[in-house]
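Chain nomenclature is as follows: A, B, C, D, E and F, assigned in order of appearance, with residue numbering initiated at 1 for each chain independently.
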Amino acid sequence: MQTHKAKRVEIIIEAPMERRLTKALADAGVTGLTVLPVLGGSGRSGRWSREGQVSRAGGMVAVVCLIRPDRLDRLLDAAFEVVERHIGVVSVSDCEVLRAERF
Amino acid sequence: MGEILSLAANNLISPIILSFALGVFAAFARSDLTIPEAVAKGLSIYLLFAIGFKGGAGVAAHGVDAKLVGSLVAGLVLSAVLPFVAFAMLRAMTKLGTLDAAAVAGHYGSISIVTFVAATSLLNGRGISSEGYMVAVAAVMEAPAILSALWLVVRSGRGADMDAGLMREILLNGSIVLLVGSFAIGWITGEEGLAQISSFIVAPFQGVLCLFLLDMGLVAGRGLRESRGVLGAGAVVFGLTMPLVGCLFGLAAALLLGLSLGGTVLMMTLAASASYIAVPAAMRVALPEANPSIYLTLSLGVTFPFNLTLGIPIYAAIAAAILGG
Amino acid sequence: MGEILSLAANNLISPIILSFALGVFAAFARSDLTIPEAVAKGLSIYLLFAIGFKGGAGVAAHGVDAKLVGSLVAGLVLSAVLPFVAFAMLRAMTKLGTLDAAAVAGHYGSISIVTFVAATSLLNGRGISSEGYMVAVAAVMEAPAILSALWLVVRSGRGADMDAGLMREILLNGSIVLLVGSFAIGWITGEEGLAQISSFIVAPFQGVLCLFLLDMGLVAGRGLRESRGVLGAGAVVFGLTMPLVGCLFGLAAALLLGLSLGGTVLMMTLAASASYIAVPAAMRVALPEANPSIYLTLSLGVTFPFNLTLGIPIYAAIAAAILGG
Amino acid sequence: MGEILSLAANNLISPIILSFALGVFAAFARSDLTIPEAVAKGLSIYLLFAIGFKGGAGVAAHGVDAKLVGSLVAGLVLSAVLPFVAFAMLRAMTKLGTLDAAAVAGHYGSISIVTFVAATSLLNGRGISSEGYMVAVAAVMEAPAILSALWLVVRSGRGADMDAGLMREILLNGSIVLLVGSFAIGWITGEEGLAQISSFIVAPFQGVLCLFLLDMGLVAGRGLRESRGVLGAGAVVFGLTMPLVGCLFGLAAALLLGLSLGGTVLMMTLAASASYIAVPAAMRVALPEANPSIYLTLSLGVTFPFNLTLGIPIYAAIAAAILGG
Amino acid sequence: MQTHKAKRVEIIIEAPMERRLTKALADAGVTGLTVLPVLGGSGRSGRWSREGQVSRAGGMVAVVCLIRPDRLDRLLDAAFEVVERHIGVVSVSDCEVLRAERF
Amino acid sequence: MQTHKAKRVEIIIEAPMERRLTKALADAGVTGLTVLPVLGGSGRSGRWSREGQVSRAGGMVAVVCLIRPDRLDRLLDAAFEVVERHIGVVSVSDCEVLRAERF
């Protein structure tokens, strides 16, 4: 099966920032992304868990983007602008995708 | 004083308060008891819908009071002013920096709808009626405090991520829309509407509130446990005195407006309560560097339980002493 | 006409309709108000269980009518035939291709159980009784339309991913199984069974329906907002006239069968309503190239609100004019 | 015998049992009907809260019985001893290894709260009252069986991952904390508390139970389908005879203590029922090599339906035959 | 710690197709997979979100398979057959796994 | 945008073991992790699904850790200790992260 080089970017960010992140990505020309729920985690700002959370304030989401390698930098710049002052992490890995015309 | 204590003790052994206590206990004992997030949200949607609808139906039944507009304005002013009071107290009593102090202050200008509901329950239990539009006052008090908090930050020369999007998000926050919307529905459909759905929003209300407070207890308890040591003694003292200060502002407003005994207690409770839903979410966006452990723990772990157990009976006693009741 | 309008206006200020309107408003205002997916599913499970059970208990109480089998057959035929009518109208009125037109047509042969429930509420409110087995008619109408839609595609020489697995999925769709199953339980346990659980499935029903319609309003409103421009004027006109055409087919069937006034209104409502749960899921599997924005927006964003607000009172008025009532 | 059968048949056509049957049917027919996990957990939280509260309020109303402490001790002993009985039977009747046999045995010493609730429903339906503290007995029976099961494994020279953390997890398991906690709340707030929330925890209880049993049927049916062939004939026979053996132990304890007819039926039911929540979770941690398909299928797929349909009426008949009633 | 080369395949697909995908994978000899929920996303067919979704029609899921490299092609062929006419994306990345005997 | 080499470890494990795993990781000095919910899956011990699951016993979660490469071995040792006797899988892939000071 024919596959094509691409990048997989995973951004874990606070739920109240999700709308801003996806808007920034869209403005940077990133049209494909998937949002996954997150149950809990820990980091420099301590542990948290979704259990019994009444408010959106504490929750996080994971945003996954598959993107052509040459567009990566624009994506990262846009993402960085949003996450800069916020907690959360951004990681990038190499991958191959089917149906390259979709990216 | 003796009377206050006895009323408070009476309040303490209600199913509602004990459910909250059970949640706190389970959290401290590290039990794995949890209410799924979706269920907790479902319960809060139910409570907002029911309280809004009943408020609106109340207004429909008793007619629009000349005091309604005055009360709304008073709510706006209280919400905008209380953060300044809280900020001054925090700077005097604690070592919190500008950012954290402003974030905390914003919470105390805004309100906790569950505290409001608990006060309504207590009034119902004692057969004291209140103005239906107090629900609308609660709704208008949610947001202005956030602006005051951000202004406190900007004034000090630090940046706050305030944009038009955030303003819209704050005002069109889900809980505000649901509360105001169901208030409007209750008002429009009136007693007839209430009759149609009262076996859903009136009869089981207290029971649903128990489960919701169980969840609040779990969240507050886990928050307190995780953030042990985050709050200094000064902050805890603030969390216990600020509601008493706030309630006096509420009392003054109620006396000025000439509210009923029930309305006065509710206005005091609103002023005394602190937000733990709308404001934290806004703060995460606008003041990401402020520490959420501080404001969430103070609001949900200190002030909320205080109001639920001792605060409300105290406000009721003060109001009764002044207005006679 | 005047009477229809006044009845419609009366219908419009019920808590149910206003809850739907609140949801649409919140969606258009971009509020973040949401009902968690699990809660929405829980509410729909409750509604299906309650409506099925009460239908079954109704049959147990009033006995099996000679018309029951006839009504089921009529439902099957309506569901299979209406997609052809809809398809012809769509080809005449819009520029949709075969695939999209067939997919849309399938939705209009099938039914919307919430529209059915809303019609039941309106009948209850006016004290008009209806045949309990209309619930079973609703259940048999869910699926045949899907086959007609696929046949329309295959006939035109295009492929549809129809397999035995899909057939099974359609017939054993969760909502059909729950509706038919609870109907059977209600029938078997009868009035005694109903008495045992009526404080769960009868008393709070209207209130639960409000929250569910709030969610429907949110979903419909968000769908309309996201897919602005997807529908041409022709498609919107189709979404408003097809229910009126469908209701006449339902009326004809009801007259043939000699149903009661209530049963006639329900049969008209079923024929007039369009699916937004069972059919879309089947279309995603069988006709993946058909555009979901078109069929979901038409069904949920145009026809559903039309039926809820104006349609049902119109059908009731037509039925009353013809049958006298 | 005839009477038992007629009572069993009567029991079989209740909405509760038929809802369970509907779930099993849907699972076997591979319908996609599902209750979202969060809703299922929400229902079980409701049931635990309601049953605990009502038990506590019952104790408050009828006073602390001298038999309370005796019943709690009897529960502890039954829970600790029954795994040994089950283990011996399993080794004689099946080819299960030590590990699997011990894991299964642990389930049969512990209890199923839904089976308990179903027995309470049946007693209520027949107007037979029972000791309110039986709920507390149910709570103390959850855990000891787990220790017995682990001891059976350790004795045989194999390792079990038993640590202080697990012990704490077992004892502070969410369902135990909620059940005991709401029991305490019901006890403290008594009849007054019950009156406040009875339209939430009493009136809709049977209906909620129907939905919960629908979900149990789905889970049990899917489990049976997925693990077809996992259980030999011997294991199935064990799953049907062990409850009858267990109920005799429960009967002996009840007679020794002099419990009422209702209390005797409940004690028998507790002894006869098998856990499918607390014990499986503990076994996954402590005995990861034991096969969950075996113990979950036996407990949830064989013994639970047996108790629900035939078991409880049999226990009630035996108790009535011996105590007169 | 000893690790072994493997491939991580991530397939984002409409929920109503999940059963078909896992069946096709099982038929192709893929016995291990994990299904994750998805909250929302955007792509060529527009934006969607799980919020308030009553129907399964709109939702998607993410299916993750860890697989020995030599089995990748069969997996991709099987997956492609199912996703071909449907919306969604397939990506493959290199990874290392513990306990190779499990794959 | 400046990125830094890191490892992405994904551990799929039974929900009742989550607390033990995160504790073991914390003891091994891993302070950052994210927990994602899992809907279902299949493996050597058969198929399972979260649908209608009443008990925590059957559920699983996915734990994702981004970590500096030199700390990987300690993490894997700690994770292996916990998952050893249990069902579930561990995979590791290369990635790049923004804001290296966070890891």
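Following the convention adopted for this analysis, a residue touches a chain if its C-beta (ideal position, glycine included) is under 8 Å from a C-beta of that chain, and two chains touch if they have at least 3 such contacts.
What you see is a predicted model, and the numbers here were worked out from it, not measured in a lab.
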item: Chains touching both chain A and chain E; value: F
item: Each chain counted as touching chain B and chain D at once; value: C
item: Chain-contact steps, minimal, separating chain E from chain B; value: 2
item: Same vs different contact residues, chain C with chain D, by half of numbers used; value: different
item: Most widely separated chain from chain D, with each centre as the mean of CA atoms; value: A
item: Identity of the chain that, by mean CA position, is farthest from chain E; value: B
item: Whole-Å separation of chain centres (CA-atom averages), chain A against chain D; value: 45
item: Inter-chain centre distance, chain D versus chain F - centres from mean C-alpha coordinates, in Å; value: 34
item: Where chain B touches two or more other chains, by residue; value: 32, 34-39, 41-42, 199, 203-204
item: Overlap residues in chain F, where contacts from two or more other chains coincide; value: 36-37, 49, 56, 93-94
item: Chain pairs that touch, as defined at the top of this document; value: A-B, A-E, A-F, B-C, B-D, C-D, C-E, D-F, E-F
item: Contact set on chain C toward chain D in their complex; value: 36-39, 41-42, 45-46, 49, 53, 168-169, 172-175, 177-178, 181-182, 184-185, 188-189, 193, 196-197, 199-201, 203-204
item: Chain C residues within the chain E interface of the complex; value: 34-35, 37, 40-41, 44, 161, 165, 215-216, 218-219, 222, 226-227, 276-277, 280-285, 288-289, 291-293, 296
item: Footprint of chain A on chain E - complex, ascending; value: 10, 12, 36-44, 49, 60, 62, 73, 76-77, 79-80, 83, 89-94
item: Residue ranges of chain F in contact with chain D within the complex; value: 14, 16-17, 19-20, 45-58, 85-87
item: Touching residues (chain side chain E, partner chain F) in the complex; value: 1, 3, 6, 8, 22, 26, 31-37, 61, 66, 93-99, 102
